[in-house]
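These notes open a run of structures that come right after.
Here come two complexes built around chain A, the first alongside chain B, the second alongside chain C.
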Partner chain A sequence: MLKVERLDAFYGQSHILHGIDLSVDEGRRTTVLGRNGAGKSTLLKSITNSGPKVEGTVAIEGRPLGSRAWFRRAKDGVAFVPEDRRIFTHITVEENIELGRFGASAARPVVPAAQIYEWFPMLGPLRARLGGQLSGGQQQMLAVARAVAARPRLLLLDEPTEGLAPVIVEDLAKIVARICDELGITLLLVEQNIWFGRQTTDRVYVLDTGSVVFSGSWAEFDRDETIRNRHLALA
Partner chain B sequence: MSSQAVFVLFNGMAQGMAFFLVAAGLTWVFGILKILNLAHGAFFMLGAYIAYSVGGAWPASIWTFLAVALVAAAAVGVLGYLTDVLVLRRLRNVDYHYALIATFGLMLFCEGVAKAIWGTDYFAVMPPPEVDRAIVVGGSYISVYTLFVIGTGLALYAALEIVMHRTWAGKIMRAVSNDPWMAGTVGINVPLVLMLSVVASFVLAGFAGGVLVPNQALSPHVGASFVLYAFMAVVIGGLGSIRGTFLACILLGIVESANATFMAQYGGIAIYILLAVALVWKPNGLFPAQGTT
Partner chain C sequence: MSEASLAAAEGRRSGTETRLGLLCLAVLVVLLFLAPGLVNPGILFVIGMTLIQAVFALSWNLLFGFTGLASFGHAGFFAIGAYFTGAALRYDFHLPFLAVLAVAGLLGALVALAIGVVALKRLTGIFLAVLTVALTEAMAKIIGFSPALGEQDGLGNIPRPVIDLGLFRIDLTHGDDYYRFLVVATVLIVAALWWVVHSRLGRTFRAIREDADRARFVGIDVARYRVISFMISGGTAALAGALSAPLTRIVTLDQVNWLASTQPILNSLLGGFTSFWGPIVGSAAFSTINYFTRGFPGLSEIMVGGILVVVILVAPTGILGLLGKLRRRALGKGGRK
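So, the complex of A and B:
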């Protein structure tokens, strides 16, 4: 479904990603792990063409996206929740979700508001509140709600658990897994929270200094102590 | 209320609304593109000249006058599109100093073009016959054209508020203003929204030129004084805030009018005091723009 081949990414003179090959099958869910600075966020921004200069191929459902502008990627079925959430702070929760529907198309009709509020019960009572008045956890829920409102084919989540209370992280894991199941969404998750990755995905890639150093199932990851020690510095 | 007070109020409101007609496009484009367009007054001036060329010095009726103002608005809107393609689009991702220099150069260019086409002679355009008279309000003579300018300014403000806060277009523009990168990420065609915002700003400048042309002698420098007040209003109101700019325009108009009526020997000083006080008291403006223009 998502196929990334020989992907190089640059910010100015800095060469961040080096020949990344990565693929996620239709409806499957994959986590990308890596230390800070490994290039995880750059990978997601390269897939959406929304930051770094990119060389190599990104294809969705067999169609190479080429140099299509970042604002056209939502119409291609790609939804991106960035690390800093980027809620529109001065419009309401409801309006944030409405704007998320821009990426919908004839083949992918918008998700009805009632369905969104069923998935995210905490947002219902907040629908008239401004985005900037939400707590971090509420903003994260809203960021995901906004991203799935257009019924995307591919969901990119960049460290959604960062700064959230454990109870919210648990809720978010259940919600993300449920939505991906119900809409058949392919998920590419970037995380440092391994627990969250295990709860929501079945495969894992490890990035280190811009290169893929591991790919496999969670069971294979658990067996490979070297990877964990050398590239993730886990105890 | 004394007749002088009535005069100050009406005259001040008329001036304020004239300032607002010019400032609306300026604050709009700043709110969305974060570009301070120093050439805005020059396009207001071109709108006034176009209205003069199309409608002549004696408008047949208020309807032809308004139609001519809309033609001027459309023509300046086309110039806005060309300006966006040739100049402003190149300034989206560079330091704002470049935008100031480029738009200042554009202002000089427009004034040169106006001199080449219309010369340096002054022209006068009469108000349409329906409003070219005075009525007595509270013992003071008020020009009906003054009331027409007030009405037009209020209508424009109401229209902009409705567009910004009650329509999809407004939500999109506020989102782009708030965070263009994220707006694009959710699928909004950001370059198109920015281009349309520039065109809308120029349309407003052209419309202001067409509506206000009877207010003054028409020359290539006619935009300068208006745009000075418009800039003050935008700064006092909060850069990019339409509501703040609207209130600041009223404040400026009434203060200027009171100054001219009660302290004529210190003409023009009050607005500078107002500007200084506003900058000290509310340096970010009365209504700092918050992703809402």
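So, the complex of A and C:
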């Protein structure tokens, strides 16, 4: 589904990512772990062509994206939820979700609002409220809801648990896993929260100083203590 | 109180406010329609010009307040409509007046399309603002050297139209009749713009205004929607100009200069650019101030600067923003009692 080959990314003179190779098969779910500054968010921004200067190849279903504009990528079925949530604060919850139609197509019709509120029950009573009046957790739910409303084929989530209360993180993990199952979405998740990654994905990459230092299943990750101690600095 | 009951209470309050607002609007429209029998011709002319300025300001604010683009040369679009209509009536283009208005609006939209296709893909912010100023200045120069458009003297002696609808004719040659036509046209244009702003299209504009990058992430072709907004805005500004020509019966270069372009900006900022109704309130407020200071020649430029300073310092969200803040404060106090 998604294939990243020899990807280098730069912010000005700073060389952030070094020859990243990464692939996510159709319908599979993958977490990218890494410490702060490891290059995780830069990786997603490179895939979405929304920031760094990029060299290398990003291909979806074998088709290199090149400099394809982001709104066209969204129409191709790629949905991105950036780390700062990026909901629209001056329109209502309902209107935010309704904007998901822009990423939909004839082959991937927009998900009915009733289904969205069934997946995200906390948003139902808030549908007339402005996005800016929501709590952090509600905003994150809304950001994910808007992304999946377009019935994407590939969902990119950038640290969705950042700043959320543990109980919200638990809810979000269940919801993300359920939606990916029901819609058959391929997921690439960037996280520091290992628990969340484990609940929602079946494969893991570890990034350190802009390079991939591990890739494998969660079972392989659990067996490799060096990776955890040296590259993730876990206690 | 639960989230659901809070939301229901918000909905009930908002429903009551909507009904009250509609009632106020209906009363205002009836008063405007009856105005020829209530006020002298001088004041009637001022009200007519206020209606035109309100449509002009709404057109500018669709761009600024709802799409996040600034045009500092919007008078160019107004002039396209005013000069086209003036010429059509003066030289008798053999077009029904309603068709003249439609063509004027279309011309404004087409010029906006041309600018948009060339510039909006690359230019936003200050660059677009400066480009629109440059184009309007160029237009003023061209008009200034066009004998058919009256050069520096303007296009005068514009006759008021008669609308021939086949079965009957509506004679607008009398000032009061044209004024009533203007009221109807303004109500229809305002209703159409309200619909645009509150439709899916308007929500897309607002999403782009809030964050263009965010809009791209959800799949919105930002450049395309900016051009659409620019076209609606340019077309509406031209329509405002078209409606003004038979009222004033003269179109001059004063309507294409820098000060004319600042008028919709000032009206929108004064009334409140974050509200749909702000530009209308601002136009009414500015006309009122202008009317009561008409005895002091040369004061208008000082007023433009002075009002801008006051608005920016005291009420950056304009009259409606200030009223909203006071209302929230009053409600907050009421809730604590």
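A few remarks follow.
The working rule: the second predicted complex is superposed on the first by the 235 of 235 C-alpha atoms of A that agree within 3 Å, B and C clash if a C-alpha of one lies under 4 Å from a C-alpha of the other, contacts with A are read in each partner's own complex, and residues count from 1 in each chain.
Following the convention adopted for this analysis, a contact is a pair of C-beta atoms (placed from the backbone, for glycine too) under 8 Å apart; a residue touches a chain by one contact, two chains touch by 3 or more.
Everything numeric in this text was worked out from a predicted model, so none of it was measured.
Three-chain overlay on chain A, with chain B and chain C in a clash.
Contacts of A:Phe71 after superposition on the shared chain: both chain B and chain C are touched. When the two structures are aligned on the shared chain, A:Phe102 is found in touch with chain B and with chain C. Applying the stated contact rule after C-alpha superposition, one finds that A:Gly137 touches neither chain B nor chain C. In the superposition on chain A, A:Ala128 makes contact with chain C only, not with chain B. Applying the stated contact rule after C-alpha superposition, one finds that A:Gly210 touches neither chain B nor chain C.
Common to the chain B and chain C interfaces on chain A are residues 48, 50, 69-71, 74-75, 80, 82, 86, 88-91, 95, 98-100, 102-103, 146-147, 150. On the side of chain C, the complex with chain A involves touching residues 2-4, 7, 10-11, 200, 203-204, 206-207, 210-211, 213-222. Within the complex, the chain B residues that touch chain A are 171-172, 174-175, 178-179, 181-191, 290-292.
Those residues of chain A lying in contact with chain B across their complex are 48, 50, 69-75, 80, 82, 86, 88-91, 95, 98-100, 102-103, 146-147, 150.
On the chain A side of its complex with chain C, the touching residues are 48, 50, 69-71, 74-75, 80, 82, 86, 88-91, 95, 98-100, 102-104, 122, 125-129, 146-147, 150.
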